[in-house]
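Going in written order, the chains are labelled A, B, C and D, and every chain counts its residues from 1.
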Amino acid sequence: MDIDFRNQLLPCVSVFAWIFGILLVLMFVANAHFGEAISGFLNGAFGGRNLAYLLTTLSRATLIVGMALAVMISFRAGLFNIGGEGQLVIGGLAAALVGVYMPGPGWLVMATGIVAAMAAGGLWAVLAGVMQLYVGVPLLIGSLLLNYPARYLGSYLVGHPFRDVASGLPQTHLVPNEAWLPLFSGTRLDMGILFIALMSVLAVIYCNSTVPGYRARMNGLAPEFARASGLPVKRIVLQSLLMSGAIAGLVGALAVFGLHHRFTDGMLVQPLYAWTGIIAVLLVGMVPWAVPISGFFFAAIQTGAAGMERTADVPKEIGLIMQAVIILFVAGRISGVSLAGKSGENDNGH
Amino acid sequence: MGIDLVLDPAFLQSVPRFLTPILLAALGGAICERAGVFNIALEGFILVGAFCAVLGSYFMGSEWWGAVAAMAGGVGMGLLFAEFSLRRKGDAIVVSIALNLFAAGLTVYLLRTIFGVSGAFRDSGIKGFSGIDIPLLRDIPVLGPLLNGQSILFYFAVFAALALQLFFARHRLGLRLRAAGENPAGLSAGGVDPQRVQLWALVLCGALCGLAGAQLSIANVNLFVENMSAGRGWIAVVAVLLTRGRPLYVLFIAVLFGFVDSLSFRIQGFGLPQQFTDVMPYLATLIALIVLSAWHKSKTA
Amino acid sequence: MQVDLSGVTVRFGTLTAVDNVSLHFSPGEIHAVVGENGAGKSTVMNVLFGLIKPAVGTIAIDGAEMQWRNPQDAIARGLGMVHQHFMLQDSMSVLENIVLCSEPVSNLGFVKFNTARARLREIAETYGIGVNPEKRIADLSVTERQIVEILKVLYRDAALLILDEPTAVLTPQEAASLFQILRNFRASGKSIALITHKLDEVMEIADRVSVMRAGKLISTKPIGETSKAEIARGIIGGELPASLTRATQAVGEVVLAVDGLQARGVGKTVGPVSFDVRRGEIVGIAGISGNGQTQIIEALVGLRATTGGQASLLGHTLRGLDVGARRALGMSYIPADRQRVGLALEAKVSENAAIGREGTKAFRNWLFIKRAAMTSFARELIESYHIKVAGPNARTSSMSGGNKQKLIVGRELSRGTPLIIAENPTWGVDIGAIDFIHRELIRMRDAGHAILLVSTELDEVLALSDRILVLYENQIAGEFAAADADRLAIGELMTSRSKVVQVA
Amino acid sequence: QDKLFVYVSPDVIGVNAFLKMGQTGTEAAAAKFGAEAKTFESSNAASRKENVEAAINEGASIIVMAGFEFNDIVTELAPAVPDTQFLIVDQCIENRPDNVHCAVFREHEATYLIGVAAGMLTKSNKVGVVSALDIPFLHRYTDGYAAGAKAQNPAVAVDIRWVGGENPFADPVRAKEQALAASAAGSDVIFTATSGGDFGVFEAAKEADFKAFAVDVNLCPEDPEHMVSGTLKRVDNAILQAVEGIEAGEKQLMLSLGLKEKGMSIIGLEDEGLAESKCLIASMPDVLAQVREVAAQIEDGSLTVEDPMFAK
């Protein structure tokens, strides 16, 4: 009991003290009124007229949780896929192009757009996997570097051939109204969150109860063990990446059909959805059921920080800093998969 | 275009400007790599260095103080890395990702709180390094425009690459760094704490990355812009991985990247869409990575 | 230099690894410390050397109490340690390894390699041992590496040498030359602490022997006042288990046929090797580690690409088959590295037990895995292989090494495949577990399975095998039938050409 | 104070003169009508939308938005809140509800004049322009300039360069490199329309010694030796004027401001303040004369400058 207390509770308390202390220092630097800042934060994250800000948080959480699920699928399989951004962009692009150019009833356009986005994102991720398996490019770097071609390809396509000239921005035309994701009545929240809720459930089932999920997990915990035990390692790698990329693509599609209704250059990159998704997964050590909670938590930090900026003039980057600090302090406690140990690994298969 | 371009003095002049930050950061990364610290937070290190350089230069009124402050900032990041990765045993990749975000957030936060501006901070009070004119060098064709008239940081970076080679081979700390990366138990057995050695690696890496940032903010231009490192840290990481931390190869790769990067600027003049020229350095990196990995794989498989 | 450890106690969490142990080392004396795996021998020596701080206890040199902050302090006072595992930097030269951590440096911190070279030459002349200082460790044989470790200690001018199982990786001949070196040291007045598992060695060279069991010091006696049997009883705290019996039996058809197999090794090609394994026999491969065993096994299991020749299992060629297909064809594999290859330590026991079976009807229902089936299967294994663990849902990392090994052995043997490949199956596990695993292997052999056993422990190979192949420098250097197997002859083959130890 | 005006910027304001002017304009309007003024800075597409939603939620009576990035957002949000007035500066949307108002500029008229001046000044017959990103809106700068230069001097070649990169609107480093590259390729007059990157171009002007033009506000004091002139965009005036109209109850207000309406101008077009501007154009009577003549033609309609934004 005594030992338990010292080993478990005390470090937690000290971590909270540290994080809180850093928060205070940051506010002091910004010369902010503490109470005002905190109430601005809470209001910005969870309040507002008719809970408008809570809905904003949920809307942001939709995309962050989606990216976190994508990342989780590959991380649990031991695949350090940090190319979620590229997969997200490619997915969004595919969704927008289908949404704008495909004729037919709205629901069909949307469904096709979502499928196309998932396929495109999945293939983009698989590309990184192929480079690792057959060329020997470490996935960590390969997937990261593939972000840039994705980004610039998107930028080029919406800036030149598929540009909505009249809008004045590098962006596609609007997706027709009928293909938008409907809003929950009386709110500004679109139904994309339902897709992500469903995905969360599916992901938990996949991780805990299916054969491929079990195999991927074993590969993530001990790749050499998986190989020597005769698991189909290459298939695990490609399958996991395909799923991971497909979820990222889905998130891109939801951003297009739910939030922005077209693809604008930079709209999926600048808000750092992919990176936030990564840290959301790391925060909870890749435990599937906890990932949506953690994603929501980070979304709240971001919208809360924006609220803090509006009311107390604390730059909203405080949100980014706090996210990083939280991860730093839990980094030592994250169990499950050691990422650094595996990043440089090459596959020596025949 | 080929030969004219290569002989164009303005083009040659720009190559060192591009390669210096990458070279300095990659050398820092190389030290970590050799010491067994998987540091992929170079992007964040550079960013903090760039910010501190402006901070130091602006408040102390000299570019030298700027460089000192940049190194201090980089070292600070190194110490943070050490605290969370070595002492608190955080996974290096997790710590790296967090520190990159931390740097991105902190620099903007401080930009807004200290200078009250966002986006960019520019002031005539920021003193920067200017080019050094070396009389003899100036008159050599091709090499002259390439090497002459650069900031002191460029010459330092090249020197550092050569010195680091010697350092690893013959210096006490260099030897211990390599041991920390290869078999740290051997160090412990000899009574040297490998974590202490890795701490030194992070300190040196921080200083070099800080200077990389200084080159960006008080040598290439005299101002700080949000997210000024703009992916250079990741290219440096790739350079480190490609070379496995061998300083001379790092130098070679950095020159290559500097060349491609400045080439991409020139090529816009030929009417290619901006996105194509923008993606060039990353594609070049990716291709280099693929070619070298494939070559390596065929050698060892 | 008189060195005294008194009343040392070390705890790791709740485990008391060393319990109130006192030891004395005198000049000109070889003091052997023996005990089972995990008895606490290494831990005591690590305390003496300053690597571990004891909870209780003191270290005194010539009567003066010492406080070690780190090994550097101990080294400065004349202690030197050759560790159980090599502490060398493979990519560095011999010279760099020797100076590492005690570098002679100039003002700027640059290492004066010439000074070091001269000192090394001096040592070679004094003690009659030496290795080319410019060679890379990676290019050295195991014996040469052991010599580099000893040179490191001599370079630091140690008066007390601690040697933790220095002969574990040596052949009998090499061990003999090492002992000659140790005798030279003894003659020059140094103290030597020698940890070993081999009682014959103790009887041969030690002046005094201490026995440890479960962290406690059982006895310390001059060698003349004790016997091998008494020491052995002290080690295990009772009588030795009955020795293994192995009835001769007729062998059956060929299960594994290997024909000119080649694979890429470290630097050069392994093989070509040809041999076969039949039903009802254990074929043992002896050899010092690093002579190609790993590559051959990996090539057979499908973990490593072959570069020539071929192998077939029950008449089916293995070419082009991946690990899964080979296992499905009738092969099981007990890998040497249980921590990384044999198990996923962070996963549950049941998840480790079911690996490779998750695709079968019993464990899968369409896409879904049958958790209940996994748990009950793990429970069966735990019972029938006497695995000590909290239960099927415990984390695998919570088990001791011996029990981890039993889990792997149980998982693989229970598949009942015609061929079983076992690589160092008892490495680092305690006597009880060794005995159990040996009996299981023999039971499988008796039941008509073909077993390929690779072990760097010559005694193990001798005890189990019906036929013995000796590997030396990536080739099969010889073959023996169990009946004519001779320790010394095999030892000779294991090192046919390596004679780096020059005794003055 | 129950009245609230919110200014929502599309990007961080930073050293972006245009966005700053939007802020001062909103503040001036608020002061005039006794309202509180707040600024919500955005940094990306998602935060733009969130900020406008927040402004509605905070009960703003007028929301001022600078830039075309807000079109979709206003289209989507405005119909649901008829009591909130939306003012978009720089751009307008189709099928406006009553509560959406616009103030747009004809930037190309001013950049055309800059082009005329550049065409006169170049000795190499090569002029350059560096702009942030290859987007239609910025072609009002680059193409207007090119048209002016060619009209003035048919022999002239125009080198158009884009900053691009990770943050094109605030990257002086890349802007500087592009300017140096253009200069190296022969341009001896370079026009910069890169927002946050302008200072990089000025540094290049010092190093490579070329003449430079800038946009939006008078930046000549930055480098009186190389800065010839620049366009002026009176965003603050436009906002004030528009808010007056909105407060007076106008619906679907639409302001289009060019040279004629004094919404756009270039330094040197008016005598007032020219001497103190530190711009080189003050000491170039022939350039002044020519620019003023062309400006007069544009104002009286005898010369129309095509809007490049909808070309292509």
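By definition in this document, a residue touches a chain if its C-beta (ideal position, glycine included) is under 8 Å from a C-beta of that chain, and two chains touch if they have at least 3 such contacts.
What you see is a predicted model, and the numbers here were worked out from it, not measured in a lab.
Undergrad: What's the chain with its C-alpha centre farthest out from subunit D?
TA: C
Undergrad: Pick out whichever of the two, A-D or A-B, is joined by more C-beta pairs in contact.
TA: A-B
Undergrad: What whole-Å value do you get for the distance between subunit A and subunit B if each is reduced to the mean of its CA atoms?
TA: Subunit A and subunit B have C-alpha centres separated by 28 Å.
Undergrad: Can you compute the centre-to-centre distance for subunit A and subunit D, using the mean CA position of each chain? Integer Å is fine.
TA: Measuring from centre to centre gives 36 Å for this pair.
Undergrad: Once you find the CA centre of subunit A and the CA centre of subunit C, what distance in Å lies between them?
TA: Roughly 46 Å separates the two chain centres.
Undergrad: Provide the list of subunit C residues touching at least two other chains, using ranges where the numbers run on.
TA: 305
Undergrad: Any chance you could list the residues of subunit D touching two or more other chains?
TA: In subunit D, residues 41, 133-134 touch at least two other chains, as defined above.
Undergrad: Mind pulling the residue numbers of subunit A that touch at least two other chains?
TA: 159, 348
Undergrad: Throw together a list of every chain pair that touches.
TA: By the stated definition, chains touch in these pairs: A-B, A-C, A-D, B-C, B-D.
Undergrad: Can you list the subunit A residues touching subunit B in their complex?
TA: The contact residues of subunit A facing subunit B are 26, 29-31, 80, 82, 131, 135-138, 140-142, 144-146, 148-149, 152-153, 155-156, 159-160, 272, 275, 278-279, 282, 315, 317-321, 323-325, 327-329, 331-332, 334, 338-340, 343-344, 346, 348.
Undergrad: Contact residues on subunit A for subunit C in the complex?
TA: Spelled out, the residues of subunit A in touch with subunit C are 209-215, 217-218, 221-222, 224-232, 335-337, 348-350.
Undergrad: Residues of subunit A touching subunit D in their complex?
TA: Residues 44, 48-49, 52-53, 56, 60, 159, 163, 165-170, 174, 188, 259-262, 264, 266-267, 270-271, 303, 306-307, 309-310.
Undergrad: Taking the touch rule as given, give the residues of subunit C at its contact with subunit B in the complex, in rising order.
TA: 50-51, 70-75, 81, 83, 85, 87-92, 96-97, 99-103, 105, 108-111, 113, 152, 264, 305
Undergrad: Inside the complex, what are the residues of subunit B that reach subunit A?
TA: Counting only subunit B, the residues touching subunit A are 38, 40, 80, 84-85, 88-95, 97-99, 101-102, 104-106, 108-110, 112-114, 118, 231, 234, 237-238, 241, 273, 275-276, 278-279, 282-283, 285-286, 289-290, 293-294, 296-297, 300-301.
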